[in-house]
Amino acid sequence: MKLSNLMIDEIIKNALIEDMPHGDVSSDFLFNGEERSKAHMVTKENGIAAGLFVAERVFFLIDEETVFTPLVKEGETVQKGTVMAEISGRTISLLKAERVALNFLQRMCGIAAKTKRMAELASKCGAVIADTRKTTPNLRILEKYAVTVGGGVNHRFSLSDAVMLKDNHIKAAGSIAKAVAKIRKNIPHTMKIEVETENLDQVGEAVRAGTDIIMLDNMEKDEIERAITIIDKRAVVEVSGNITEENIGKKLVPGVDVMSSGDLTHSVKAMDISMRFV
Amino acid sequence: MKLSNLMIDEIIKNALIEDMPHGDVSSDFLFNGEERSKAHMVTKENGIAAGLFVAERVFFLIDEETVFTPLVKEGETVQKGTVMAEISGRTISLLKAERVALNFLQRMCGIAAKTKRMAELASKCGAVIADTRKTTPNLRILEKYAVTVGGGVNHRFSLSDAVMLKDNHIKAAGSIAKAVAKIRKNIPHTMKIEVETENLDQVGEAVRAGTDIIMLDNMEKDEIERAITIIDKRAVVEVSGNITEENIGKKLVPGVDVMSSGDLTHSVKAMDISMRFV
Amino acid sequence: MKLSNLMIDEIIKNALIEDMPHGDVSSDFLFNGEERSKAHMVTKENGIAAGLFVAERVFFLIDEETVFTPLVKEGETVQKGTVMAEISGRTISLLKAERVALNFLQRMCGIAAKTKRMAELASKCGAVIADTRKTTPNLRILEKYAVTVGGGVNHRFSLSDAVMLKDNHIKAAGSIAKAVAKIRKNIPHTMKIEVETENLDQVGEAVRAGTDIIMLDNMEKDEIERAITIIDKRAVVEVSGNITEENIGKKLVPGVDVMSSGDLTHSVKAMDISMRFV
Amino acid sequence: MKLSNLMIDEIIKNALIEDMPHGDVSSDFLFNGEERSKAHMVTKENGIAAGLFVAERVFFLIDEETVFTPLVKEGETVQKGTVMAEISGRTISLLKAERVALNFLQRMCGIAAKTKRMAELASKCGAVIADTRKTTPNLRILEKYAVTVGGGVNHRFSLSDAVMLKDNHIKAAGSIAKAVAKIRKNIPHTMKIEVETENLDQVGEAVRAGTDIIMLDNMEKDEIERAITIIDKRAVVEVSGNITEENIGKKLVPGVDVMSSGDLTHSVKAMDISMRFV
Amino acid sequence: MKLSNLMIDEIIKNALIEDMPHGDVSSDFLFNGEERSKAHMVTKENGIAAGLFVAERVFFLIDEETVFTPLVKEGETVQKGTVMAEISGRTISLLKAERVALNFLQRMCGIAAKTKRMAELASKCGAVIADTRKTTPNLRILEKYAVTVGGGVNHRFSLSDAVMLKDNHIKAAGSIAKAVAKIRKNIPHTMKIEVETENLDQVGEAVRAGTDIIMLDNMEKDEIERAITIIDKRAVVEVSGNITEENIGKKLVPGVDVMSSGDLTHSVKAMDISMRFV
Amino acid sequence: MKLSNLMIDEIIKNALIEDMPHGDVSSDFLFNGEERSKAHMVTKENGIAAGLFVAERVFFLIDEETVFTPLVKEGETVQKGTVMAEISGRTISLLKAERVALNFLQRMCGIAAKTKRMAELASKCGAVIADTRKTTPNLRILEKYAVTVGGGVNHRFSLSDAVMLKDNHIKAAGSIAKAVAKIRKNIPHTMKIEVETENLDQVGEAVRAGTDIIMLDNMEKDEIERAITIIDKRAVVEVSGNITEENIGKKLVPGVDVMSSGDLTHSVKAMDISMRFV
């Protein structure tokens, strides 16, 4: 997923207006717009670079003449003290963009780093790590992008682009078989169907219904193993349910294709980055 | 701070459209809009309730006929397993609103709980805990609200509503004295001036300049103590700089008025809450 | 696909403002808002009802007190002279909403009727008729809905929700095999891959690459037959390329799953409907 | 009517976001943004060029560096196989803009061609062909522009810019005389009044009321002739009511000034145009 | 012109957000939302009531439960001390809406009163007073409405709805005759043409060109008289150019149809109105 | 306060669309876009320049190639007949931008000039003149900027950025002391508290409550003098209540810090400026 300006400009403009509804009283009354400065974006801890083009766009949308030079690449591992970007332009413009640029960048780097760590853990059993819809409201596009930078894969983007049948759907339709049959009759032929299962009986039903993806929700390791045997490569196997860095180790089972974790995006530690005039 | 619908509806509508740009393929093709369900929002860990009216509004904006009954109050401590709200209405409407409502609620509860823990720590030295501008882009109003629910206080909302002079401002103006003098001449008489200081010399200059608030940035405990002596109640004393739950204990000094922490909002663990049909 | 007000209100409001940027000079200067009228929406030719809730919403957004009573159901076949809906309320409000309501309704009914005719033709060989992305800009959601009302199925909604590799994609990647392999590695596991093929060699390659859906673009009947033999149920078979009511008959081949036609939405004859005060 | 970017950019941006709410999964995962391509927009049938600057703007709004070179002029007659424009730039950008650009262009060319055919027919009796408010919601400005490209003239743009009194208005006011008198007293002196008439008595009344424009609605040829005699050049004569390419021949009467047809915009066959990489 | 909520809600919402980007720190921290108050909108000088429904809508958009009871009618003459409206509801809601409601109301009443005074002056020579496009940006619809409440008439609403040819247009086209001829050939038959003239030669040319309306710009009384003789009822006569309450008396000439004045809207004294809790 | 394009572009775009919802029928049908012109913005009375960059931006947003050269500086005193700016570019673009540019500029210059006159009067007693929230809805940022250009200072921008307790607030809280105490406990430490007082008893209470700013509302000169004695430099002294150019002289008392006047922005005479082709 690559993000064009068309897709991020409104988000950034709103964030700038949120942070400056009627001017920057500190800078506007201290500087006259003629002063020039150069600044560094410096990491204060180790991490992964993600979202530098978003930070760059923040500076551009405040002042088209600001020059933002990224010094690391998206996805690159950075050590504490790394200068991620050099920025030069009007003092007043750098000061106005600083906080918003960092707010985006710190969050995206934080997500990429967490994803990288979990992707490495998941890969031990041959699985990939995927995100969920548990993203920050109105920032999903940036967060899902950051997940890919960290080596994760994206799950469905929204309720509109893939079917996932959960217990409530199934209950209302009567059974997995009925729900899948009804949905398959109606949905676009370009869409897949995923079913969330809570026990091995449901896994069996889902396989027989011809489900494309079977999610094993909150199952223990041995249950996952048996589910994989039941599925027998007839569907993609996704493990989910409170998957975190701390407990992912307990669910690593060969045969799992995807491990999905809301934690990647809903409980992120922002990477510590600051902007220093040089 | 109380949030009127006028201030939150656009945020919520955008989030719903983000999660459903062209319908919910699972629910829309399985249900016909006639089915009715009742659901519980249940906590899966201990925490603090914050943002229930936002969750309620999410359901309302999907379907005005959905009935959302909060069962806990804003700011109330909740134990694992608590039913925070009961929701009844069209099955299809509950399913469409669920994830977005939870995404807001889980984040706001997470912020309130973290704030409460840090407010209790800060109160040991008589200080209050305050937030910063390190909030999630475009959600500042919700996050600053959640901070107050957790017992914290809000710092300035944006670059527009209070002056904070940092090292870069001071460098460009020549000195703290010159910067403060220039600013005071121009800004509204309704505004206060805060100066960020990095050492005791700067603290002295700031006091002499008649600064309203003096921020002690990244100082150690003994330096904070000496700064308080220098300030001698002539300005509000704010301690800041990487204040987290882990290290706040090292900076608790009587005489500090405010401890401000970006961590309250930029590195939050979402509270685990789920919606279950009953 | 069911359309909530959240998804259509902006479209309708914009259309009303487009048609009335600064008032209705005819009605505003003739009536005082007290006069009341009752009106019928009457068909002037045979067709299929689609979009009545959109028309209803137009009247509501002009005046919440207008009562709109649909007298036919979505998808119902209507004869010339049928009263599709009865509307009563302020004379001034009925007159302001009339044209916009009809502009939506006439187009949606037109699409549904055309879809129904083509769906019946496609069903002769066991295929379903599907729409494309060749929809009217900014009305896709309404047009794809109308297609389903007419008995058609939706193809992918946008560039974001399914992969379709066309000749240009394939050329740039080197081959169908390479393109499919590269895409499969990156895309969400919830997504399918469709490949557009122009000859039987490409069909063979697409099958071997494990493509989910194979589109036979602009092929003649005998070529389609041979392609179906090659595919041998290992992929969904979609026939496309200038499929119209006039020529669909030439492409009806048992074994085709889907026939997709831009004509359903880009070249529509609006159904003739008028609003008459009664 | 000439369209500035200010007036079309929002329409185009919305259409691009509609077609790509969260990226182009086909192109984004296959290309890295470095690849370059050149493409031709080629007509697949005869027609009239209209809207090339809209297509150009679509490409620009996706990627400012794309070069779009129109090879035909607005209003020019084009033969099947004509290269209407050459486009060069990033492969990924061309692919993202293609469908939306064509959706606009095909519709606008279709309207221009239809208008041209009907304008030529209308001119046989010395009349011009005019559009109506029966346009596609939210595309009126583009459709009315395309009508002028095809040699038609625009009728009023909206309910705000000219008065048209229909049967319902007249009924409520008591008579044509009363309605016209009341309206004339209130409306800006810059506005004209048109009255829709259904029979020769009404035509007489409208003339006596001093109406600027008299519309003869759904009248047969001989009735139109008698109306023209009655009006005797004291008002503009407009013939309307289900005027299509098929039946316009039956209403060609010398003395008619304007023939208005909703068909020009509500029932358009899109011109077949495709984009081919070269 | 009557204003529906559809046309004013965005203006009002933006104004409320402008006045309260992140809450009302005075009321939000003092009241809890349970307190109830009753208030009066009281005039502090004589004037004309205009815009009460706008004020009412401001209160509604803050809090749907606030009850706003207008006690005077639109256009009614009010004396100092008149209670224009009674408002009751949540204390916190009344306080939040007060200033924005008054800002709209005071301006609209001010315009209506000024218009009424000038309309009476203009009527002495049988003319009506009309507004111009010299309105406050983004409030034109409200200001033109207030002009009608005061007994004035509206001139064209925008550049889109009537032709006015000024000296620059004429210069570029070569002559009034050429300009009018070229325009008449192209514009909708529903539109009128106005020509601005600066001397009697131009008046003569404009008449011969068949202009619908002739504006006499900045002419003295005797020049206006001669122009009226030249025009001889073959066009509407409009007098314009710095028409104010002070100098309108110098331009009152029988035969003038319309006197247009930018002063009505660009240089308004707001009527003094306050809201008092009772 | 300096205004970035980010903060004014939406205001300007909306104003341009308001003035031209569907093209400029005069210019669009008379010119083809090739013609070029040069124009002068000329003052027709003495005044103060304010808002030239806004006018410049209006021309830019219509046509990026228009060259706008300001010939006077913000805040400069200009005599009648001064050329404030020279503009050159497409004839059609100059004509489309003219009115909107002037509508902004004339209002901003009018505010600056009025402010300058009142600032000079206020300075006689050592006070500064400040604006209020009585600004034109949705133009507050431009009007408050113009006040600073004229030498005034800004009061609080909105309900969000400073506390002002009026009689109603005080009544509900029981007393000034209680209201101030309650507010102080809750508001950000970066905010000041202002109390509006109507008599000397309230002034005394406000001082004792530790209020930062005390507003003397509608007091006569002798009352103001006694209030200043009571306050004794323990709070900022603000005089307010119907302060106009006419009556400010009656309230000039040494010791007053700020005189605030709604008249600066709610009752402005636009400066007379016109654009002439040269």
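Chains: A, B, C, D, E and F, in written order; residue numbering restarts at 1 for each.
Everything that follows uses one rule, which is that a contact is a pair of C-beta atoms (placed from the backbone, for glycine too) under 8 Å apart; a residue touches a chain by one contact, two chains touch by 3 or more.
As the structure is a prediction and not an experimental result, all values here were calculated from the model.
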Shared interface partners, meaning chains that touch chain A and chain E: B, C, D, F
Maximum centroid distance from chain D, chain identifier (CA atoms): B
Chain C onto chain E, rotation angle from CA fit, given as a multiple of 5 degrees: 120
Pair joined by the larger number of C-beta contacts - D-F, A-C: A-C
Between chain D and chain C, distance of the C-alpha-averaged centres to the nearest whole Å: 22
Centroid spacing, where centroids are CA-atom means, of chain B and chain D in whole angstrom: 52
Between chain F and chain B, distance of the C-alpha-averaged centres to the nearest whole Å: 32
Whole-Å gap between the CA centroids of chain B and chain E: 44
Two or more partner chains touched - positions in chain B: 20-23, 25, 29, 96, 140-141, 157-158, 160-162, 186-188, 191
Residue ranges of chain B touching chain E (in the complex, touch as defined): 1-4, 6-7, 140-141, 144, 157-158
Residues on chain B engaged by chain C in the complex (per definition of touch): 13, 16-17, 20-23, 25, 28-29, 33, 61-63, 92, 96
Touching residues on chain C, where the partner in the complex is chain A: 130, 153-157, 160-162, 186-192, 194, 213, 236, 238, 257-258
Of chain E, residues touching chain F in the complex: 11-12, 14-15, 18-27, 29-31, 35, 37, 91, 95-96, 99-100, 102-104, 106-107, 110, 133-141, 158-165, 167-169, 171-173, 179, 182-183, 186-188, 191, 242, 262, 266-270, 272, 277
